[in-house]
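When the chains are written out, they are named A, B, C, D and E in that same order, and each has its own residue count from 1.
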Amino acid sequence: MLTAIYAILVMIGLGMMFGLLISFANKKWSVEVDPRIHEVDEVLPKGQCGGCGYPGCMAYAEAVVMNPNVPPNLCTPGKDAVAKQVAEITGKKAEAMETVIAFVRCAGTYEKAIRTGEYKGVKDCVSANILVGGDKGCTYGCLGYGTCVKVCMFDAMKMSPEGIPVVNPDKCTGCGKCATVCPRTIITLTPPGVMVKVNCNSHDKGAIVRKHCKAGCIGCGMCSKDCPYGAIVIDNFLAVVDSKICLEKCSDPVCLTRCPTKVIRPAIWGVVPGKELREEIKA
Amino acid sequence: MSEYFLLFMGAAIVNNFVLTRYLGLCIFFGVSKNFHASSSMGLAIISIMTMSSMLTWTIEHFILLPLGLYFLKTIVFVVVIAVFVQILEMVIKKFMPTLYNVWGIYLLLVATNCVILGVPLINAEANYNFLKSTVNALGSGTGFAIALILFASLREKLQFSDVPKSIEGLGIAFILAGMLALAFQGFSGMIPL
Amino acid sequence: MFRKIKGGVHPHDEKQSTEDKKIEFMPIPQKLFVPVHQHIGQASIPVVAVGDMVKKGQLIAETADGRGTPVHAPTSGKVTELGNYPNPIYGSSLCVVIESDGLDEWQENLLTTRNYENLTPEEMIDIIFKNGIVGMGGAAFPTHIKLAPPKDRHIDTLIVNGAECEPYLTSDHRTMMEYPDDVIKGTLIAMKILGVSKCYLGIEINKPKAIALMLEKCKGTPIEVVELETRYPQGAEKMMILAITGKEVPSGKLPMDVGCVVQNVGSLKAVADAVEKNIPLIERIVTVAGKTVKDPKNVMAKLGTPFSELFKYCGGFTGKNGKLIMGGPMMGQAQVNIEAVIVKATSGIVTISEKDVDYVPERACIRCGRCIEACTMHLMPSTLSILSEKGQHQTAQTDYNLMDCVECGCCYYVCPSRRNIVHYIRQSKAKNAMVRNAIKTGSK
Amino acid sequence: MEPKETTANIQKPEKLVITSSPHIHDTESVTKIMWIVNLTLLPAAIFSVINFGIPALVTMLLCIAGSIACEAAIQYWRKKEITVSDGSAVLTGLLLAMCLPPGIAWFVPLIGAFAAIAIAKHTMGGLGYNVFNPAHIGRAFIMASYPVAMTTWAVSRIGNNGDFAGAISKIGTLDAVTAATPLGILKQQGYDALVSSFGGQMEMYQALLIGNRGGSLGETSSILLILGGLVLIAKKYIKWQVPVAMIGTVGILTWAFGGKAGLFTGDPILHMLSGGLIIGAFFMATDMVTTPMTTKGQIIFGIGCGLITVLIRLYGGYPEGVCYSILLMNAVTPLIDRYIFPVKFGALPEPVKRS
Amino acid sequence: MNLWKEFTKGLIDENPIFRLALSLCPALAVTSNVYNALGMGLTVMFVITCNNMIVSTFRNVIHPKVRVPVYIISIATIVTVAMLTLEAFFPILFKELGIYLALVVVFAIILARAEVFAAKNKVIPSMIDGLGMGAGFTLGMLVIGTIREMIGNGSFMGYQILGSWYQPPLIVILAPGGFIVIGFIIGFMNLSEERKKQKKEKSEIAAGGTI
């Protein structure tokens, strides 16, 4: 019985002592950290992709809370939903953000484009590119070693068996990581709904393009003439589409039909450009 | 003197906390992914282990034993250590921010951990005096830190290996720990305890 | 006497096929494709248009930013096209295509006779700049910049690089053998420009004839001929300075920071021609060698001559080619296209037969440490390659001195696992540069 | 994905290979190194067959076959290139066999080979990635598993009188006589008993050097192992500093602390020549994969091995500590590599910070 | 039905040892034979269930700021009770488990379940959750214990299963073997999951048409 009383007393005594100590310490020595940082961090998708321009999700969370000039809509993978939440937490105004996805501006598959040499070395586009431009005849085209595929954190890119990466529009968040690592800046970020995209990046003259690749833009300017809205211009032997005009005004893209090399056309996930092209011609 | 030295060496190497006593494995596997974290953690463990061992010995011998409350030791030790670490963390955060940045975050991690609680319990079981418990705690902490740092550097090297996918991460960490324990087997029987 | 460098390798030098062959002047090919980008720095801008008639030595491209070098017409003829053609350094670049008229006429009033002793250093630097001279050892660094270091650097030593440590190449050797007086004159000009009194000419001891000749010719001049151990990469600037003066160029610094300027013998010959006769850099000596070349030669070729023409001149091939290299086999660049052309930095073109390419797939690093011993920059190449393989390019730079690597290739040469360490290192450098550029331009 | 041969691809008559510089290579390769190390071990292996008869050969073959089979099976299963012909698995098997007592039960070498190849080597990814020396992991594994079998030694057939011809003539026979290793006798019965078992100090040294004594398969003949090691040093596959550092440390420390009569009364020659020290110092501590990369680091490695060996031999529970010392130093290798690195060319005064 | 789910999730999907990598110390320390492993597993099961019950009962009373100390005290009390019980009825087991029994107090799995589940749910589901997790833990312990005892000693629960021809590698019941065995078990679990995933993906590819 005595032991029981002692036990209770000791427990109560220790409990009180420690309780007091802790509360005292808490009052005296606690250091404040803005809890909103953690809240924002929780909201972010934790891809750590760096698409926001900060070295990681936590860094962005800190910046967006502490710095009033950092907008809440920088997280591209999170899209509007996250931007809204971040804005709510930080009390900032969320502006609508443009959704974009990656687009590969090359259709030079193994079949279409010449490989002049036989590259042996690290399977990486940057590595191949530093060796006098790699083994592809076209100096603008995709080297096909999949550096972009490797850096994609969202599993949205795959290398097709024909040597050109394809983007899955459902998974692509538009973080732009692939675009930064591409040594030939073939990948651009475009709005997903655009009907007309130019699948080529070559500023070479038509004759040279033809020599290297059967699927390149030769800069003939037919599409530019066809487009009633003036959305396509030829810049240094390459057709360039203003996707904004295209998206807003055009419903019936006539430019697609006349392109002699079929380089202007919508890109569809899951279908290799080469095959898709064949089907299109058949139809 | 040599008695204390042997106790220290025994606790640190021969009866290594992780590799032969299987204590603190959560920290061992959790923190060793990063070399820097593990070296800070090692330091944190050594100091907290020693201090909490001193504290618990005092409480055990001046409160629990005289009152015949030996069976309460688990509860009391846990609470004492938890509170002590909590306060230590606050103090360091407030007064030594640089030190806090180095190993502050690990303090709370170890608060309720078997390595820290294990030492006072072992001390109590072996009935060591104050100095011996302190030396034992110091040795155990050092042994833990050595194993942790070695293990972390090994794991860092393994990052550059071609580990089969299925045992990547925890699996290979266990196998590696097994091999490290195998190497530590060489010390077995060195100091009879 | 010779001095030693630490590390390095000693590959078979394979120079016997061409070292005793006199320089031959190659007939001018039908078409010359003169790239406007032949040096380190920004590409030059063409100043001629399609259809223009140009004369030999006429300026055809002007520098874009004043830091590069101008380009001159190698022969007289008609400009038929401005377009992208293969460039052995940059893959492809804008080329001025000149159809030779076969006359090879100099531009009027271009050639003069001057005596360098009557010219000031500034005038001479201007002449060198206008005549488009670059480092002809392979780096293609504009010579006028190298010879005009900032005023706060005190230069006390000029080192003339006649080491030619790369296997196969003999163009510098032949330059010394056949134009010793021009080399010495160029050296004296460079000494006058730099205002130095000390000058060393370093030659590896596998070229005894050149050493003997230069020793004799240098009598009475302030140039001291230094015999160097045969060891690759003795001809690299930093190694040369170490071997001759015993000074280490601090990491991240330039030779001028230890008071040295290194010039290649070929460049000095070009300097002498430019200063004394006002001849621009329009042709150079090229060693054409390799196991598959029927008749290896040292050829004086016009800039812009396609490699294929050179090989034709050397009798064609005896077997199938595996690789075509511009430069030596240790640091040269493998070429995709046999239509690539001679540029100012082409010291040689070397073929490797299909049989000898024997590309062995690389294996895991076995950590033998041979590359660490061979590394002349005292780095840890194996670690760098592993970091690069695993994508940790930043760590390689911050912790393992990635940027100090001079890409001499000794690490790959000795690697028993056949890891192309140099390629990994170049990959890391390229990727880090991309990250830096991305940060600089502020894009995502 | 290889490009298909299409009309587009074969427009050019020949395709040039492009790789990064350099384009030439010396003649060394992993395969060559491994087979030469195997060859240098061969004399000692042959001696062990003479000394211990066919059982030694059987053990060796079992180890090697086990290693090769294990490596091939794992590489097949992981769909990697099967590289058993590069000699590394053979080397692991041979080294493992060299550390086993002759005539050990048939399944023990197989378990050892499995531990060495499957656990130590291929969980990390194979040659070049392993952290611990596979052969020694194999040995430590079976040492812990079958302590009795691992300490049952066969008697030397050459014997104290150096009867080579006799040993060769009865090479195929089996013998049940067991004997202790010199270090075992030293641990259990003391130094004097050890000397008397050989019949004199000089005889003991001679036996240790030539190898007509009991012990593990391959560790008895110090002289043949040293010769093999010298070949490796001459071929520049290993650095002389490592064995010298390791054996020297053991010598000095055992001389200082090995004697019962006080400081500097130990017998360093006994310790330097006995046990697995020679084979460990020349063939295990110089293993490229599991030791530091820089020469300085390797010397530290050697000294550390020597230190731990002496610690275990003099104060530990086992008579022999070379195996564990090398394993422990293997664990320290990443730390050594982290802090010991060459000073770069033209290094600036301020030290480089590592993360 | 729902309760059944709460119970089964702890067995495999969220197995405390192999999946959550919690409570690794006892998984190694007391699994050299099945008997100890079972004893430890049941003890933990008891503690976790009781603790979940207590915590969820008082979940609305405990101030969130002091919840962790309260949980710890609650766990420590239950463990002490369990220890005293074991000491009285299973003295051999108590001795074998030794210090690890006291260390049940700081098993991360128990605190984690209190925090994650019991503090937010009603009493019955909390108890079921505790039972499930405890069962999962026991299962894990049993698997490791069986493998180690079978290979390392040729026996099960002390009964010799494999004949005298079997010469067990002792290492499996020693520390290094314990680590390696768990490493391989984790590997095999991952492998089977990987296979499952691959199969799923393959069937998806067959059904879909994407590359």
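Heads up, the rule we're going with is that a residue touches a chain if its C-beta (ideal position, glycine included) is under 8 Å from a C-beta of that chain, and two chains touch if they have at least 3 such contacts.
Source: prediction; values computed, not measured.
For chain C, the chain whose average C-alpha position is most distant is E. With respect to chain D, maximal separation of chain centres occurs for A (centres as means of Cα atoms).
Of the two chain pairs examined here, A-C and D-E, it is A-C that is joined by more C-beta pairs in contact.
With each centre defined as the average position of its C-alpha atoms, the distance from chain B to chain C rounds to 60 Å.
Rounded to whole angstrom units, the spacing between the C-alpha centres of chain C and chain D is 48. Rounded to whole angstrom units, the spacing between the C-alpha centres of chain B and chain E is 22. Our note on geometry: chain A versus chain D, Cα centroid distance of 52 Å, whole angstroms.
Contact with two or more other chains is made by residues 171, 174, 176-177, 180, 183 of chain E. Residue positions of chain B touching 2 or more other chains: 72, 75, 79, 83, 160, 162, 164, 167, 172, 175-176, 178-179, 182, 185.
For chain A, residues that reach two or more other chains under the stated contact definition are 116-117, 120-121, 127, 130-132, 134-135, 161. Considering their complex, residues 19-26, 29, 71-72, 74-75, 78-79, 82-83, 112-114, 117-118, 121-122, 125, 164-168, 170-179, 181-182, 185 of chain B touch chain E. On the chain A side of its complex with chain D, the touching residues are 110-121, 127, 130-132, 134-135, 144, 159, 161, 163, 214.
Those residues of chain C that touch chain A in the complex are listed here as 83-84, 88-92, 333-337, 359, 389, 420, 423-424, 426-427, 430-431, 434, 438, 443-444.
Note for the complex: chain D touches chain B at residues 78, 119-120, 122-126, 129, 131-132, 137, 140-141, 143-144, 308, 311-312, 315-318, 321, 323-325, 327-328, 330-335, 337-338, 355. Within the complex formed with chain D, the chain E residues making contact are 167-172, 174, 176-177, 180, 183.
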